[in-house]
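Chain IDs A, B, C and D follow the sequence of writing; residue 1 opens each chain.
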Amino acid sequence: MRTFLLHLSLAATILAVRTFAQQPSSARQTEARPRARDLGLAFGLYEPGPKNAITDVPGVLVGQVTLIEGENVRTGVTAIRPHPGNLFQDKVAGAVFAYNAFGKLVGSTQVTELGQIETPIVLTNTLSVFDAASAVAHWTVAEPGNKNVPRSNALVGETNDGWLNDIRGFHVKVSDVLGAINQANDGPVAEGTVGAGTGTVAFGWKGGIGTSSRRLPAQGSGDMLANPDAKNDVGFTIGVLVQTNFGGRLTIAGFPIWKELQPQQTSSLEPPAPLNSADGSCMIVIATDAPLDARQLRRLAARAILGMARVGSTGSSGSGDYVIAFSTTNRIAQDATRTKPLALPSEDALSPLFEAAIDATEEAIVNSLLRATTVYGFEGHHADALPLARLRQLIRAR
Amino acid sequence: MRTFLLHLSLAATILAVRTFAQQPSSARQTEARPRARDLGLAFGLYEPGPKNAITDVPGVLVGQVTLIEGENVRTGVTAIRPHPGNLFQDKVAGAVFAYNAFGKLVGSTQVTELGQIETPIVLTNTLSVFDAASAVAHWTVAEPGNKNVPRSNALVGETNDGWLNDIRGFHVKVSDVLGAINQANDGPVAEGTVGAGTGTVAFGWKGGIGTSSRRLPAQGSGDMLANPDAKNDVGFTIGVLVQTNFGGRLTIAGFPIWKELQPQQTSSLEPPAPLNSADGSCMIVIATDAPLDARQLRRLAARAILGMARVGSTGSSGSGDYVIAFSTTNRIAQDATRTKPLALPSEDALSPLFEAAIDATEEAIVNSLLRATTVYGFEGHHADALPLARLRQLIRAR
Amino acid sequence: MRTFLLHLSLAATILAVRTFAQQPSSARQTEARPRARDLGLAFGLYEPGPKNAITDVPGVLVGQVTLIEGENVRTGVTAIRPHPGNLFQDKVAGAVFAYNAFGKLVGSTQVTELGQIETPIVLTNTLSVFDAASAVAHWTVAEPGNKNVPRSNALVGETNDGWLNDIRGFHVKVSDVLGAINQANDGPVAEGTVGAGTGTVAFGWKGGIGTSSRRLPAQGSGDMLANPDAKNDVGFTIGVLVQTNFGGRLTIAGFPIWKELQPQQTSSLEPPAPLNSADGSCMIVIATDAPLDARQLRRLAARAILGMARVGSTGSSGSGDYVIAFSTTNRIAQDATRTKPLALPSEDALSPLFEAAIDATEEAIVNSLLRATTVYGFEGHHADALPLARLRQLIRAR
Amino acid sequence: MRTFLLHLSLAATILAVRTFAQQPSSARQTEARPRARDLGLAFGLYEPGPKNAITDVPGVLVGQVTLIEGENVRTGVTAIRPHPGNLFQDKVAGAVFAYNAFGKLVGSTQVTELGQIETPIVLTNTLSVFDAASAVAHWTVAEPGNKNVPRSNALVGETNDGWLNDIRGFHVKVSDVLGAINQANDGPVAEGTVGAGTGTVAFGWKGGIGTSSRRLPAQGSGDMLANPDAKNDVGFTIGVLVQTNFGGRLTIAGFPIWKELQPQQTSSLEPPAPLNSADGSCMIVIATDAPLDARQLRRLAARAILGMARVGSTGSSGSGDYVIAFSTTNRIAQDATRTKPLALPSEDALSPLFEAAIDATEEAIVNSLLRATTVYGFEGHHADALPLARLRQLIRAR
């Protein structure tokens, strides 16, 4: 009955077309759902930043466009801007770790060759990834200061929302991508059924966008962790944003939820897949203000996979899992003959950053599930939100 | 004066809009220009196939759309279909070698992960690569037999034709890409100022599309080279297609042309770049009917770089050089649980294929230069065709 | 007091020199300690093979030499032979996944290029890895049938046992490595403080060698899983062997042991490191009789990292984590011009193998900890065995 | 008759055992043979440094041990020290480019992960590579200042000298490797039949060690090329050292020698291979004082392959071609928490360095052939030195 009522209430929201606000149209429901820390869950040693979001890394902006239209369109766009300036002229050091490259991450090879990211990072659905990359290229060309720029290495990732969304309809338009980029801001980040996570499914439940952050202590952890640019006694920050569409055995903060709680088919007529499937993918974006170079950022990116494992990934063949990492501090000016001098942390000094990235990835994935609301969509398919009452019960019983 | 006259004659052709024929609108001029073998040049030990083109590999199709419009549009699309059937349902083993990944090859990471190519390979200009990939995705979704297919790993490469073409105008449309794919056929392949080579520049001269092939002898080279599927006594075939937009010290069949013959500025008003620049890129596609797997195809692809070196590449940072290789014989059915049994050549047996690939790449690059015609384009820039009379003289004098 | 008594009993065993038996000299203690399944723990969906060891994969042999000498030598060798025959003449398809390549895996680049393993896989300590590789080369050259063989791509991995072992003494000799290779057999595999695990430390506890296996069901899982070579109705087998020397937050079968149970310093004089350090490394070897090619084996190898994560890896910079995978069914004869025809599983069909590899890796790591006995060694350092009584308590209380 | 006389004169020299001097025992003959520039040949735009050797890069040291013993031992060791200090404590930024990883380069994976080289780079024969790595590990452990160092990522490459050398005899001893490292100096570098090139064969002729360098102009090439640490007006330096054992179609400074001049069998009893074989390998080491990071060094390393192509490589499967590159300016202290601040050249500014590396590689390979003397060795096999009189004739006739 629960799902039926949710169905009705969602039916009301789907009258809303192309919502360009950072809050999804189903904001009221979303607000009602907790984040992991609201349930008393904690992940690892370090404390989150004030927003517990990727936007805790100074300068990082996020914008999202949610597309819920009629019965069949459940998709969207999430854009991450490494800084508010002209990214082509003032690139950031970046890296990609392709754990399972069964996915269409546009732009990764040049990022690996040059160690630079020169555009916003955009997430969307699998078949719209190319249109989104074209939008990024248009955006680059149109940016003030890029008058003669003849290229743009758009960096666009995706997961497949074809269960809930009419993915073959190519519903993401250039204007949607530009909307997400242009509205990007450094406020709290909407999670769950929003942006590129509008139609995704994880562990058989409704997945979506999630985020989390960590602030490393400046003291007691070695000089490397001290952030000379930060006010007060604060170390570097790591922020993570995920688009969850993968599966396995759902484990929340170490608790094996999958043993007690599994998504149900609501009707024998409904095709079961992918409710219990581990297929699907996960896109992970890591931002930091620590002054890492591209090689170190690739090492950092690789750690996020351990966070996926903690939540229960079983590494299925069809799960295209990529991690993108960038440093807001390590900038490369397009027209300079030399880069500004930069002191890198030693490799050993990276371990706390690695650990923080794993913890924040784990928490971001859990947030994406907790905040997501039940969605009915394409051809009547649906994905239930993780049932909160039962979940609280399981956590208390622990 | 020569260049001025060519300017006039080209001025006539640029009235022609979007030409969907495989022969460029400037066909008359193109026909008049020789291929390398017409000049008595030879490259390596093995003989070319009957067309001396990538289409000598049975089943491989090429289609090109040349966009010459007004004063500023000089670009186009070249599409290579590994076989005439449904590529998503009947994939080919494939690999990418990213020698210098300063370029936007869409689709390479999934090709590397799965060892499969599931779409036509499309070449175009740098800023249109995403629109072209979107077109490929649309084509995949629309193919008969792909009714429920929710994804498409479009494989689209590019070089930057921004010297001659208004690249910031995004002039390649979805219909242009579909046109190239749909008209693809197994006939001779137009070279020079055509398709994705319409606006490219190589070694300061007009570059473009070039192709060549090699047929390995079936006898005297070990059992591996015998092609059991071929009629008569013929071994496996290697075909190469290039889009040349790179530079260095032009060397033709071992002759250091660069010492005697260099492109000139026609006016002190004309910006010199990139006439003597080694920047720019080269896309190389290798087809074979030898039954290689993805790992072996990557090894084969890597050899093409040696062919670039022979023509004089100086490996500049800005030259984004990628090689794509596929086997028409090693097929992977989308819906099969197991692949058909396949016997691979031993690694040692690959050496003749490697040598043939280098030779064919060298010849294809030379063909792209010989067949290209002078082009005037964007903002009055031009690139001269390699002057034939002087070239013949230099070769005779050798 | 416990550790003191153990110290005394170990003091007795260390009179034993170079033990060439597969059972360590401290066999009595080892026998007394349980494997994970003896504690009622289970990992994942699939059942282990009869030995729950890498030797459940038909043909795979393991041999170990344990070096416990005087006060300071605590090291050894573990050798895995993919099949009992001449490996150079009859190679197996193989792959390496370098998750964190801060480690000295000799031989990986050629394995990646050719997709072949042509020697036993040997594990030892960090500084002895080169001497062990030399021993493998000598072994290859001396093998009957290799009369003119002029090369050997020895594949030798390591972790750093310098806390308990006088690693700078280079105590592993050629004869030790040959001993491990030559005594290799397909029986049960000794775990814990044995072979290459004699001096390793994991999660601050004594780590070592661990193993586990999975047999995939032949029915109900699609044709791919059926093993046509197996008697009865059995599917393919996956076997895993680990050398554990890494750290993080110890988690056993989902239970966060690290919260309740942490290794103690026995004296304020003892240097604390690495008892609570996450540094150190993990070597993982995966065998299967499923007919995978090198690319697929690399995908399989990558999944083992998820197993490390489940046990609590925090991915520290210094943890050099490599996975080696091979297929006993996919053979490459040295002198053949073509390989035997082979049908590969489809990529989708790999998912059950991936899941089994993760589960078996998790269980192998836990076995390495459970079976390991307390060791005192180099400069009086020690590492305690995981205390069983307390562990049983924690598991029961769950 | 020529080769017979050379045979006699070499027969005299082979009484000399283990020669620890940087000049080979056959020094007199070697002195008589020219380097490429002595023949009036030039390669590329930039000028060599004063020694035209890798030792033109300030601080770089080379040491070689030549092993010519009895009838069958023709091998040796070449060691390159990036700087004279303690390399473990004061590492250099480094990278490996594995063009064709059919070869046993020990140490490359850690170099790639950490971007650091922490030992001398040693070259030797294929089967001795592991013993040489062990020697490097012993050397590291014994270095003053490394009292507690528990690891050493030895970086040791090889080519297969099994045609002229009794490679299966493992004749390179630890003391030979230590000898090469310890005698390393910054003087001129002996070329040809010396060190790790004592028994190698290239293009069917006697190959060996070769070297060359380039000094980039400080003026007129952009600020990047200016070396602030150099006296006078000198830019950065690139130095290359090669161990040639590969083949193809020998081309010297653009002249197709292979068409006119091919090695002969001296007797029908002599097995022909590998006199006309393209198999075998090439190891290339690039040093620079330009302040590149590991990613940029990998890009630089990749360019050397174009130099191999210019001399005629046909890229055979069996040619294991690796390039190692390091920067003497980009240092990483073992114990520092952060690196010293470093300004990197922009990617565009790398192009002159890339071109210089290609040119120097080409010249170093030619030097290795020109300076090599005829060698008779294992089982009576021989490799002729490139015949100088005929070569001069061919060059003059050009």
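Keep in mind that, in the parts below, a contact is a pair of C-beta atoms (placed from the backbone, for glycine too) under 8 Å apart; a residue touches a chain by one contact, two chains touch by 3 or more.
A quick note: this is a predicted structure, and the numbers were derived from the prediction, not measured.
Engineer: Please tell me whether A-D or B-D has the greater number of C-beta pairs in contact.
Structural biologist: Pair with the higher count of C-beta contacts: B-D.
Engineer: With centres defined by CA atoms only, which chain is the most remote from chain D?
Structural biologist: Here the answer is chain A, farthest from chain D.
Engineer: Centroid of chain B to centroid of chain D, CA atoms only: how many Å?
Structural biologist: 35
Engineer: How far is the middle of chain A from the middle of chain D, if each middle is the mean of its Cα atoms, in Å?
Structural biologist: Averaging C-alpha atoms per chain gives centres 47 Å apart.
Engineer: Which parts of chain A, given as residue numbers and ranges, touch two or more other chains?
Structural biologist: Those would be 100, 102, 113-114, 299, 347, 349.
Engineer: Given the complex with chain D, which residues does chain C contribute to the contact?
Structural biologist: 98, 100-110, 112-114, 126-127, 130-131, 133-134, 136-138, 141, 149-154, 160, 162, 167-168, 170, 320, 322
Engineer: Please name which positions on chain A make contact with chain D in the complex.
Structural biologist: 113-115, 222-224, 293-295, 299, 332, 336-347, 349
Engineer: Tell me, which parts of chain D touch chain B in their complex?
Structural biologist: Answer in residue numbers: 99-100, 102, 251, 254, 256, 278-279, 299, 302-303, 305-310, 313-318, 347-351, 354-355, 358.
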